[in-house]
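I've put the structures underneath this note.
Both complexes shown next keep subunit A, but they swap its partner, so subunit B is in the first and subunit C is in the second.
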Partner chain A sequence: MNAIILSAILGVIMMFCSAFVKNKKSYKVVAFIGLIILLIANIIETYSHSFFTFPLYGMLSFDRFGLYLNSLIIVSVIIYFFLSSSEIEHVGEHVAEYFALIIFSLCGIFILTSFSNLLTLFLGIEIMSIPLYILTGSQKMSLISNEASLKYFLMGSFSTGLMLMGIALIYGGTETFDIAKIVNVHGGNISFLEVTGMLLMVASLCFKVSAAPFHFWTPDVYDGAPSVFTSFMATIIKIGGFIGFIRFLSARAEQTNVDYNNTFGIDWHFIFAIIIIATLIFGNITAIFQRSVKRMLAYSSIAQAGFMLFALFSMNDVSKEGFLLYAVAYSFATIGIFAILSKMSDVTLDGYNGLAKTHPALAFANVIFLLSLAGIPLTAGFFAKYYMLSSAVEVKGYLWLVIAGVIFAAISAYYYFRVIQSMYFKEGTTEFQYEISKPFTIGVIVLAILVILVGVFPQTILNYLYF
Partner chain B sequence: MIALFIIIPLVAGLISFFVKDDKSVKGFSIVASAIVFLLTLYATSCNHTLSVSLPWLPQLNSNFSLSLDGMSKMLCVLTALSFPLVFTSTIDNHYSKPNNFYGLMFLTMAGLMGVFLANDVLLFYFFWELALIPVYFISSQYGGERRIPVTFKFFVYTFIGSLLMLVGIMYLYFQMPNKDFSIQAFYNLHLAGNQQDLVFFLFFIAFAIKMPIFPLHTWQPDAYEQSPTPTTMILSGVMVKMGLYATIRFVVPIFPEAVKHFSHLVIILSVIGILYASLIAIKQDDIKRLIAYSSIAHIGLMCAAIFSLQEIGWQGVMIQMFNHGINVIGLWIVANAIEQQTGTRKLSELGGLAIKAPVLATMFMIMTLANISLPLTNAFIGEFLMFNGLFRYNIWAAVIPLISIILVAVYSLGAMAKMFYGETTAHTENASEAGSFVNYTLAVIVMLVIVLGVYPHPILQLTQDTVNAILK
Partner chain C sequence: MPIQYYIALAVTLFCIGVLGVLIRRNAIIIFMCIEMMLNAANLLLVAFSKTHAALPNNPLAGIDGQLFVFFVMVVAAAEVSVGLAIIVMMYRNTHSVDINFLNRLKN
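Take a look at the complex of A and B:
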């Protein structure tokens, strides 16, 4: 509760800043302090109590998993601001609004980590998404940015429509919005309305996390948006979407008397196996052919979503822990890569040529991030993938899915390593649009070391889930 | 103490990255690797199994646990001996950034040591990958002209293999009632026959790629040719032993049924590989490619001998793992010396070197004889025992690969003749004796070749306990 309310207040404060504070540099200071207060408030709620006690009427419920994820997300955003806030200032005129929009979007994510009702799910998804439509189009003079924004908005509203339709059908079938009650309300008799409603909801949530076959918006939007905001969308928002998805489905998994696999008479394992395979094929194969690193990262984010979908596929304790690790490993690495990328003037592979000669520290950190995305041991990405895949090994009869998963992990190494080859083994000089400051370099190195630490001792992240 | 085998190379590697001066980094590397060698010798002299265990991932029941039994001792000594030899013999090579080169070499060493020591399957997987990544960076940065695609092919091949192994590990792990990553728990897991068959392949493909076994060998000649010679020495001398080691350590004890099912298949593939590689080696013009194919043939024989499941054959494998490592490093050192002297690796452009460099020629002659596994050289006893084991398994499994001994003689002596005898060419006219460091290392290797050829008992005795424990 603390996080939701304080983030909304912080967003409003940021908006007022733009009217009353003229010094642009001070916005990020305000945002920083606000986020740190948010983090502290959220930790206080995790370990003792909430500052706010409203009657919630079963709309929201807070558990350890959700609160811990909130903390991790706030930490990610703090890192993101630390590395990229100077590029946010370069995007356009209304700097304070950008910060405000990002924080409003965060508020949506906090609702998604705690909803227990279809209406709050809908609210969370919308509060998270609407600021993004604006952020995507924030380069007002750039045609690509405008196109991306419009495309994102149209597709996004369409999927929202699907979700509303799904909610309505589920309500029609079960007479309740409560996610814990919609399962098995008739004692096993499944109505046609519920099944259709569930499938519509899944389709619309797949859209939000860019799972195939609902991923077509992703490359264009990620490519068109300013790089700093792509970084935010590809990491924190994607994790947010997944949390919503997982919470929505886990309400069914937690009903002890219901077999998860067969609720609503649908073989969920099979459906998710198909979605995973399609997402992995599309994301990985298309990423291989990209010349632009930014676009490659867009496709790679689809491929990574394919691995995160394993959490939805298996829905057991391992997958929950795995998702936490994956969220951390993936967001840290991607934020790091984008932080460097958004300072560069040429975001194609050739732009990276010779980075190791001119900026060895940045190149080294970039290698760690890329290795982590590829899932190489000693980096956080390895244990993230390990947990995800091992959660699926537990599901009987789907070993083929795991084998397919590792083969695509090996394919993904191909396009990540091409960036490493450009940086280290090709001649050239990398040109930067914006200046590389000392604190920035140190920040990136620290992030890389964090990635390695999580890769060697993943328990440090997971322990806080329980203690 | 055995944790030091890993920690010293790791720390030495990190230090090397910051020693920018060419001379001091080279000196430092030789000293540091020699210290590790002395340590391993000391550990080998202990009669009992040394082990260490620290908690690492308690929730997964995975420990940082190392243990040193006979086979590990033998391979650790090989690893620790190879690095000083490699560093000393290539001391005259020039690199653009020597600190990075030596730093990455030490990381490889740490990875290799970890692989041979790990007593925990997840830890083993960690080191398995750790040994690969630095090699990728070294070869892509310091290799020949086609280094980037070739090294990448090598990387993708082995990475796919190790990921399949990872699936296998996970599968076995989830079959256990009380989930545990220790190697003992994997041994105690008795799977049903059809389960074994599937997981056997997940593991064996990974190891077969590393060895490499026909038809998964295609990365190897290119990678050996394009990598800088010091890395090639480590790749062929020590790293291929990872595949053999892991087959003995994991595949045979964990999947006894599947090994019996597929021993025919693996031996047939190995024998095809032996003949095929030997035949191709005859046609090679590049010294490095010639040694690469010869290495495929030797490794194929060792793999076949493992799957014959005869005690005597396994003893041969143990001896040969060590000796092949020594011999092949010796061959590479000569190849490197010749390339440094003449600027070419093509047999057709060489000739008459025996007059210009008589010491090198003598050393290479002995090494060549060891490669043909003539009696009195160290390779003889190993190959003899392996053929003996194969003979007990099936007479044809021994007779057909015996042809390869003739083929080895054909290409080895052919190469010898082309390089050292005949008229001098434009390339060899100004050649002279290799540097004194090269000669000293070659002398050490030649001594080992002869001493172990006459008295192989220490290695046999060292590894006897492992052979007995695994073959029962």
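Take a look at the complex of A and C:
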């Protein structure tokens, strides 16, 4: 509750800042302090109590998993602001509004980590998405940014329509919006309406997390948006969408004593296996042919979504822990890569030529982030992938899916290593659009060290889920 | 009237909306088709709410369906304000609302 209310208030404060504070440099300080207060308030709620107590009527319910994910997301946003806030200032004139929109979208994610009703799921998804349409189009004079924004908006609201139809059909079949009650209404018998509704809901949530049959908007939107906001979309928003997806399905899986697979009357393991395979194929194979690193990262984010979908496929305790690790590993590494990328003037592979000569520290940190995305041992990505795949091993009859996951992880190493090759083994000079400051370099190095620490001691992250 | 008629009407409207999004090339018409999808869902919610209220178990049954419709209207209004702003921004730069202009990012 703390995080939801305080983030909404912080967003409003940011908007007032733009009216009353003229100094553009001070906005990021306000946002930074606000986020730290948010983090402290969320930790207080995790360990003792909420500041706000009023009846929720079964709309929201707060559990340890959701609150811990809130903390991790706030930490990611703090890191993101620390590394990238100077680029946010360069996007356009309305700097305070960009911060405000990011924080409003964060508020939507906090609702998604705690919803227990289809109404709050719908509101959370919308509060998360609508600010992003604006952020994508924030370079008003750039045609590419306009195009990305319109495409994202049309696709996003189309998927909203699908989701609403799904919710209406589920309501027709079960007489309730409460995700915990939905399953038991007819004593296990599932009506035709409910199954259709579930399929529409899954399709629309696949849109939001860019899983395979519905991934086609992702590369264009990620490529067209300003790089700083692509970083936010590819990491924190994607994690937020996944949390909504996981809570939606897991609440139903926990409520019934029967096997998760039989909860919906359809073979859900099979459906998710198909989605995972398609996502991995599209993401990885297309990423190989990209010349632009920004576009390559967009395809790589589809491929990484394929691995995160394993959490939905297996839906057991291991997959919950695995998702936590994956969220941390993926968002830290991607925020780091995008922080460097958004300072560069040329975002193709050639732009990275000779980075190791001119900025050895940045190049080294970039190598660690790329290795983590590829899942090399001793980086956070390895244990994240390991947990995900081992959660899928527990599901009987789907060993082929695990093997395919390992093969695609190996393929993904190819296109990540091409960036490393450009940085270390090619001649050239990397040109930067914006100045590389000393705190920025130190921040990137600290983030790289964090990625390695999570890779060596993954249990430290997971312990906080229980203690 | 039986609930099946309402379901058939709402699903027909929804399908017209989906087809419009897939076929039409004008950004504003696509946008209207999306609104039609939302309103088809609204109609279905209200119809189900009425059927559930007729069940004898609970006097407040079905009220949440109607409540949902108001939230959908508010969210749709927020989406309209953002969406029209984006379309106007695009019109200023290209003097057209044709969706075929969306091909710069393809290569």
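Heads up, the rule we're going with is that the second predicted complex is superposed on the first by the 465 of 467 C-alpha atoms of A that agree within 3 Å, B and C clash if a C-alpha of one lies under 4 Å from a C-alpha of the other, contacts with A are read in each partner's own complex, and residues count from 1 in each chain.
Assume a contact is a pair of C-beta atoms (placed from the backbone, for glycine too) under 8 Å apart; a residue touches a chain by one contact, two chains touch by 3 or more.
Since the structure is predicted, the reported quantities are computational estimates derived from the model, not experimental observations.
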Superposed model, subunit A: greater residue contact from subunit B or subunit C: C
Partner chain in contact with A:E93 - subunit B first, subunit C second, else both or neither: neither
Partner chain(s) touched by A:Y386 [first = subunit B, second = subunit C, both, neither]: first
Which of subunit B and subunit C A:D317 touches, first, second, both or neither: neither
Partner chain(s) touched by A:E431 [first = subunit B, second = subunit C, both, neither]: neither
Touched partner set for A:F417, first subunit B, second subunit C, both or neither: first
First, second, both or neither for A:D63, with subunit B first and subunit C second: neither
Contact residues common to both interfaces of subunit A (with subunit B and with subunit C): none
Residue numbers on subunit A that touch subunit C, as the complex places them: 119, 122-123, 126, 130, 133-134, 137, 140-141, 143-144, 146-151, 153-154, 157-158, 160-162, 164-165, 167-169, 171-172, 175-177, 193, 219-220, 223-224
Contact footprint of subunit A on subunit C as seen in their complex: 3, 7, 10, 14, 17-18, 21, 27, 30-31, 34, 37-38, 40-42, 44-45, 48, 51-52, 55, 61-62, 64-65, 67-68, 71-72, 75, 78-79, 82-83, 85-87, 89-90, 93-94, 99, 101-102, 104-106
Subunit A to subunit B touching residues, read off their complex: 371, 376-378, 386, 389-390, 393-394, 399, 402-403, 406-407, 409-410, 413-414, 417, 421, 424-425, 457-459, 462
Residue ranges of subunit B in contact with subunit A within the complex: 57-59, 125-126, 129-130, 133, 137, 140-141, 147-148, 152, 155-156, 159-160, 163-164, 166-167, 170-171, 173-174, 198, 202
